[in-house]
Amino acid sequence: MSQFLQSPLSSILGVVAFWLALGTIGVALGRDRDGVRFVYPATALGGALIAWLAGTALGADPVSLVLPLGLPDLPFHLRLDSLSAFFLFLLGLAVTGVSLSAAGYFRAGSSPSPGLTCLQYHVFIAAMVMVILADDAYAFLVAWESMALASYFLVTTDHRHEEIRAAGFLYLVVAHVGAIALLVCFGVLQGQAGSFTFDAMRGVTIAAPWAGVAFSLALVGFGAKAGFLPLHAWLPEAHPAAPSPVSALMSGVMLKTAIYGLLRVTFDLLHTQASAWGVVALVIGLVTALFGVMFAAVQTDMKRLLAYSSIENVGVVLGAIGLAIVFRAHGMASLAALSLVAALYHCLNHAVVKSLLFSATGAVLHATDQRSLGRLGGLIHRMPWVAWLALVGALSLAGLPPLNGFVSEWLLLQSFLFSPDIPDGYLRMLVPLATAALVLAAAFAAYVMVKFYGVVFLGQPREPSLETAHDAGPWERAGLVFLAVWCVLLGLFPALVIRRIDAVTVQLLGEGLGDAATRDWLFLTPMATERASYGPALFLAVIASAVLATFAYVRVRHHGRLRRAPAWDCGYPAQTARMQDTAEGFGQPVKQIFEPFFRIERVIPDPFDRAPRYWSKTEDRLWYWLYLPVARLVAAVSAQVARLQHGRIQWYLVYSFVTLLALLIFIRL
Amino acid sequence: MSPGDLFQQVLEVVIAVFIAPLLVGWVNQCRAWLQNRTGAGIWQPYQVLHKLFRKDAVVAHNASGLFRVTPYIVFASMVLAASLVPMLATALPFAAAADVIALVGLLALARVFMALAAMDVGTAFGSFGARREMLVAALAEPALLMVFFMPALIARSTSLGTIVEALAHRPFVLHPSLAFAAVAFVMVLLAENARIPIDNPTTHLELTMIHEAMILEYSGRHLALMEWAHALKLVIYSTIGIALFLPWGIAEAGDWPGLPLAVLAITLKLLAGGAALAVVESVSAKLRIFRAPEFLASAFLFAVLGVLTHLLLAGRA
Amino acid sequence: MSLAGQIVNLIAALLLLVSFAMLSQRRVRDLVDLFMIQGALLAAATLVTAVATGQSHLYYSAALTVALKVIVLPLILRRVLRRLALETDVELLINIPTTMLVGIALVVVAFNMAVPISQLAGTITRGALGIALACVLLAFLMMITRRKALAQVVGFLSMENGLFFAATSVTYGMPMVVELGIALDVLVGTFVFGVFFFRIRETFDSLDTSHFEKLKDR
Amino acid sequence: MSEFTVLLCVPLLGAVILAWLGGTARAAAINVLFSAVTLLAAAALTLRVVATGPHIVFGELFFVDAFNVFLVALTAFVAFTTSLYSGPYMRVEIDRGKVGPNAMRLYHSMYQLFVFTMLVALTSNNLGILWVALEAATLATVLLVSLYRTPASLEAAWKYFILCGVGIAQALFGTILLYLAAARVVGEGSTALLWTHLDAVKDQLEPSIVGIGFVFLLVGYGTKVGLAPLHNWLPDAHAEGPTPVSAVLSGLLLNVALYAVVRFKVLVDGALGTPLAGNLMMAFGLLSVVMAAFLLSRQKDAKRLFAYSSVEHMGIITFAFGMGGALANFAGLLHMTVHSLTKSAIFFAVGHAAQKAGSQAIGDIRGLVHRSPVVAWGLMVGTLAILGMPPFGVFAAEFLLLSAAMREHPWAAGVLLLSLGVAFAAVFFKVQGMVFGEPSLQPLEHRPAVFPVLVHLVLVLMLGLYIPPYLAAWYREAARMIG
């Protein structure tokens, strides 16, 4: 056992191998659905083990390993340092919770070929681990694309539907474009360092123009995976298409691997140079965040809504990273550490929360077969477990204290507050705007979450079939509880977590938050107590005691009588579920306020219409500004090229002839 | 944390909780005077609360546990918020638990619960009330945060106690940016406390109400707690405004003799503030709900402008 | 220049003339005749070179040329023509004067191209390389301008002739084993062409390559 | 060397015997048997060459070194797996009345003959024989392409024949010029065309002749490689012939033609001392990649789609060899291997799919995964592999190539990457529609031959994750030889 502990890296590889074995077992079990299901708890066990191993590796010395795989001159290099340990920890947590609920989710009928899904699922998580562990470009790209492929297959599990195939295609194409950008990025780094190993890249400081190129490519490459604007289009398509546990992992963990990559390249390999990079990241991040939340507010599909919310959160993380880069470039390492901690904490929170919420939607989907918000409602009565646990997630995602979502937001706002220390005037002017964007996004996140939770779980059921919805099974409950408990723990004891995370900032920036942040386990004081402090545990204690005191006061002083009656509703007699506010209703004011963001098509009936129809579609402008023009351009070029291939043999002979003559003349010149 | 501090803390909370209905009564009375009515008297809110507490709670068939627990959570949140705002003195032991950002978060927590509870019953009014409330909040909350940032930048701290101390007890400096913040804050206050021009606390006119629509299904003790919390919120906002923009007279840590003076100061300021609020409400008309975002957006803009101004001026200095 | 060289040059000039004649010829049957003449000229040139240089394998080469290109291939082609009762006129894609002009340009290019090479060659016949290259290019041009499958095949074979002539003129022919291999390929190729004509005829009722424009990406 | 004799004689003997027995029921088994013996001989030869170095056989007429023995092994392997595949595939075609016994006799005989010509072309030391063998390969396959005697197949075969015939005629002219240059150095006669001799004196060859000769050779053999704009025969021939023929055309013939180009490039480089040959190859390679990438999205026929993909990949490999240097050559060799394996596997899968759908049109093949999951996943995985997705070998090769290209020709790397991206989107969109979705297919009367598909893909996967040291050493040696 002690030996096992001494080498967390090889133990983690052991878990990866174990997962791959589980996947193979899944295929072997094939169509025996219930048999396949019970593979997942074992997966969860592996996830927990990884989380624990990674937890111990945080702050420890980096461990390296070379596997005898890969290219002849470039075997797979692996490395476990604090940065990778942190992301592995995040992965472990999410995988544990999601796999537990996956054991409940993958019931009969959930997937046409459960064995295959099981294999893809395990390859997916194994590939994510390898992405995080990879320490050379080849291993990284292999793991990266394996991850993309496995998740693509998972997204298209239900590929009989045209739109799911379209979603999968879009996803894989964007992923591939990203991978190409990464390949070039590593190529640039390699050109300077002379080797594809990260160790070699780490060892050199790359000259300015090339470093900038590498950073931009990394931003594009990782942005395509993380969903930074304008490479986000795949995300709201692919997430809803996938089975819910997979959506959970994609949103919760896979997006974070992109963040991991960005951090790895920017801080570890490029040693963060120009403050301009940070500005770019900050702007893109916050625009992405705002964009994500605006679109989340107008969605009518619960998984799409969550997907857009993921875009928002990833944008926030990117904004935080951008700020960290700016601070770092101006030599303010401790402030950079603060922003970076905020970014990392947000990643961790989002991983747990999104896993929780997607798993909850999985349970809802299972119980009701409905994804559309217009056909849900009132599930808190039928599915109390899922509803109450989802409430934790929704509140956390809304960024409310004392849950975890608030902690990272708080840290980030703190770091924004210190940005006036930046010596650059223009930057200082930019920061208030950025702060405004951030708080706006955060406030709308609450709007979105109220919409999500209220429409799905509260109110009256909008469809009669919902009356028979069943609550989640024991496995799903276990997974949800696990994740919800982590939401609460991460919310209540941030100081303890940050004490650990600080190892990452020390690794990346050479300086962490230091003692100030970690002195007190109860209060979070990143700078100094008098400057800012936040004590969620005390916070909760006061609220809880106030609730109890009020309750006791009311009961003792007055009474606890309660009568049930029909809802009053200002006395309107006939109340149907259709009279409740809808998801579209929630979207309407946002559409109105932020109209330029959206591309809205409406059909509005005129007053004399015999069969009035109202119909409206809200779309992403970028789809029309970027994606379709590119597709059209390629199609146009193809059409031109295809004119050459017109079928007449004489012309083909002319091509050969002309080529020959041209070359002969060329060579005589 | 000395026992004295703790006492001060508890005292503040208790005062805030128990004067809250009084402030509402005072504002209503002022409004009545301004409208040439006699008014119900400043003690009326206490009687209403008492009445509500005695009545049975009637709960809709469709209401879930969330609906019933919400009044307690909302009330408790307001209590905690009250304990964070320096009303009489700046030395508050609980203040370490939450700074301004957390305070905003806390208010948001209460609001989200209220909105969810409003949606819980599944009536038309409840859900649109919730939606409107969240929309208003989504614009007001950022504005509020930006308002807080300005003094926070001045004091280089987000802890409310430190900010107020810095503003109140340091050598007098004119901060032009605070003017922007003050305007923005007042606008947020109006919006967040369901006041005209955003909402009308006295109407049940279906198309315009926000706050009332949300608590429409509440009755008995639940309604009492909701109303009380609402009143408390007004106190909190008022005291925040006072602490940030008119902080003079507040007692410093350990400054026991200063306390009576502080009590007097805060009473006067609250009376004046309540009257001012009544004036504002009486001279302005309720906005159409579609215009509310514009109102709030300008509040947000003011706050951002304030921060920008601060940075610009600080940059020159 | 030796007499043999002069004779070879004369034959080369005749070859070029035949090439132009093929380019301007509309009738398939006449094309085959011209091809036969070309083969005969090629054999003659090889023979002259063989006599002049005493390279024994050139005799075999000449014999092979006669056997293959003067006897067997024209025989096969004529047989095909008769069996398929092919219509006589060859449709052109470009009119003949234009083709001729392009052809002359090609001859200029070919000569220009060949000059530096032929100066390096050690053979008595090296001056003919330009003509050989011109023959190749003209045959190429003929394939481009003809629509009938058979005309294309004749062009292809004529190109092969040009290549043989080039080999003879600059290097006194390729090694025997290679030459045999090439001859075998040409022979088999012609057989395959023959098989093809029947299949095409069976399927399309004509040997016009304008039927062959279905496979395209336009 | 007995292995070598066996290697060349067995397919020839097979061609003769199958010309006689090829129409019978056992013909497929006999075909497999001959291919298996060839494979064994190739394996034995490979082992011997690996152990003892290059060999020259039959009075210098043939020789084997690291470069060609690896292609011999690959050729024999793909020929073997294709023969395995061809049995069940052609049985369906017979059952459906698309081919009769005579056609099958021709098919089997020509199949073996084709393998024979490939092996001769690879092992020949005489550049003239190389030419003869490649021309013979055209002749052997041209009738296979038109085996079904449909109008489209005839058209395809005709274009194949004429374009490759004309092309290879240019190559002959190039060979003559090279012979002229060589004869000036080593004297006339057979030795002047022996590669081993030429290689030794390559720096004494007259540059101007060799330069012009290379143009002819490149245009000539480049036509067979399928380099744009000389590639026009390729999609037609691949699409209209029987699928096993498409598989060997893509998997073997293109490789061997490229092999010829590379052999000549070595000589030309030596003679010229400038990177002219390499630059020309790079230009052709790049043009092929770009053209193919943009043509891919217009394809409606599944096999034609993958034929264009072959053009693209041959372009990449040509680019790699054109760039030269240890890394790029290594990448090129690896790419040759994995492209052969993957592309033939894809053709196997596509063939079965087309048989099930009764049509090769992409639009008619839908939901393959419901009807025959293994074939469907073979197609899907093969496609992803060929599109350069890790963890497959094609990615490894492209990674190496691009890393070399980025260092030396960054702009070219950009063009390559752009084209790869376009190709990815184009091909993947179509294949996704074939594999997934609502099924449109009939079950087949025979079990499809999935073993060859799986074997190829497993090998490709392995090459992406792990290149065995001896294989790597062998590639390195070959890469060193071709400069």
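Order of writing sets the chain letters: A, B, C and D. Residues in each chain are counted from 1.
Quick note on the criterion: contacts are C-beta pairs under 8 Å (C-beta built on N, C-alpha and C of every residue); 3 or more make two chains touch, one makes a residue touch a chain.
Only a predicted model underlies this, so the values are computations on that prediction, with no experimental measurement involved.
Asks: Going by average Cα coordinates, which chain is farthest removed from chain D?
Replies: Most remote chain from chain D, centroid-wise, comes out as B.
Asks: Determine which of the two chain pairs, A-B or A-D, is joined by the larger number of C-beta pairs in contact.
Replies: A-B
Asks: Cα centroid separation between chain B and chain D, in whole Å?
Replies: Distance between chain centres: 78 Å.
Asks: Centroid from C-alpha atoms only, then distance chain A to chain B, rounded to Å. What do you get?
Replies: Distance between chain centres: 35 Å.
Asks: Counting in whole Å, what is the centre-to-centre distance of chain A and chain D, each centre being its mean C-alpha position?
Replies: Each chain reduced to its C-alpha mean, chain A and chain D end up 44 Å apart.
Asks: What is the distance, in whole Å, between the centres of chain A and chain C, each centre taken as the mean of its C-alpha atoms?
Replies: So the centre of chain A lies 69 Å away from the centre of chain C.
Asks: Can you list the residues of chain A that touch 2 or more other chains?
Replies: Those would be 642, 645, 649, 653, 656, 660, 664, 668.
Asks: What are the residues of chain B that contact at least two other chains?
Replies: none
Asks: Where in chain D do residues touch two or more of the other chains?
Replies: Where chain D meets two or more other chains at a single residue, that happens at 158-159, 162, 166, 212, 235, 295, 298.
Asks: So with touch defined the way it is at the top, what topology do the chains form here? Options are line, ring, star, complete, other.
Replies: Looks like something else, not a line, ring, star or complete graph.
Asks: According to the definition of touch, which chains form touching pairs?
Replies: A-B, A-C, A-D, C-D
Asks: Of all residues in chain A, which touch chain D in the complex?
Replies: 68-72, 113, 138, 141-146, 148-149, 156, 159-160, 162, 165, 168-169, 172-173, 176-177, 180, 183-184, 187-188, 190-191, 196, 634-635, 637-639, 641-642, 644-645, 649, 652-653, 655-656, 659-660, 663-664, 667-668
Asks: Help me check something: in the complex, which residues belonging to chain D touch chain A?
Replies: Residues 158-159, 162-163, 166-167, 170, 211-212, 215-216, 218-219, 223, 229-230, 232-233, 235, 276, 280, 291, 294-298, 367, 369, 373, 384, 387, 389-391, 395-396, 399-400, 402-403, 406-407, 413-414, 417, 420-422, 424-426, 428-429, 432-433, 436-438, 464-467, 469, 472, 475-476.
Asks: Using the touch definition from the top, list the residues of chain A that touch chain B in their complex.
Replies: 377-378, 380-381, 387, 391, 395, 398-401, 406, 409-410, 413-414, 417, 420, 425, 428-429, 431-433, 435-436, 439-440, 442-444, 446-447, 449-451, 453-455, 458-460, 523, 529-536, 538-539, 542-544, 546-547, 550-551, 554, 557-559, 561-570, 572, 575, 577, 579-581, 585-586, 589-590, 592-593
Asks: Which bits of chain C are touching chain D when the two form their complex?
Replies: These residues of chain C touch chain D: 113, 116-117, 120-122, 133, 136, 140, 143, 149, 152, 156, 159-160, 163, 166-167, 170-172, 174-178, 181-182, 184-185, 188-189, 192-193, 195-196, 199-200, 202-204, 209, 211-215, 217.
Asks: Which residues of chain C touch chain A in the complex?
Replies: Against chain A, chain C makes touches at 93, 109, 112-113, 137, 140-141, 143-147, 152, 209-210, 212-218.
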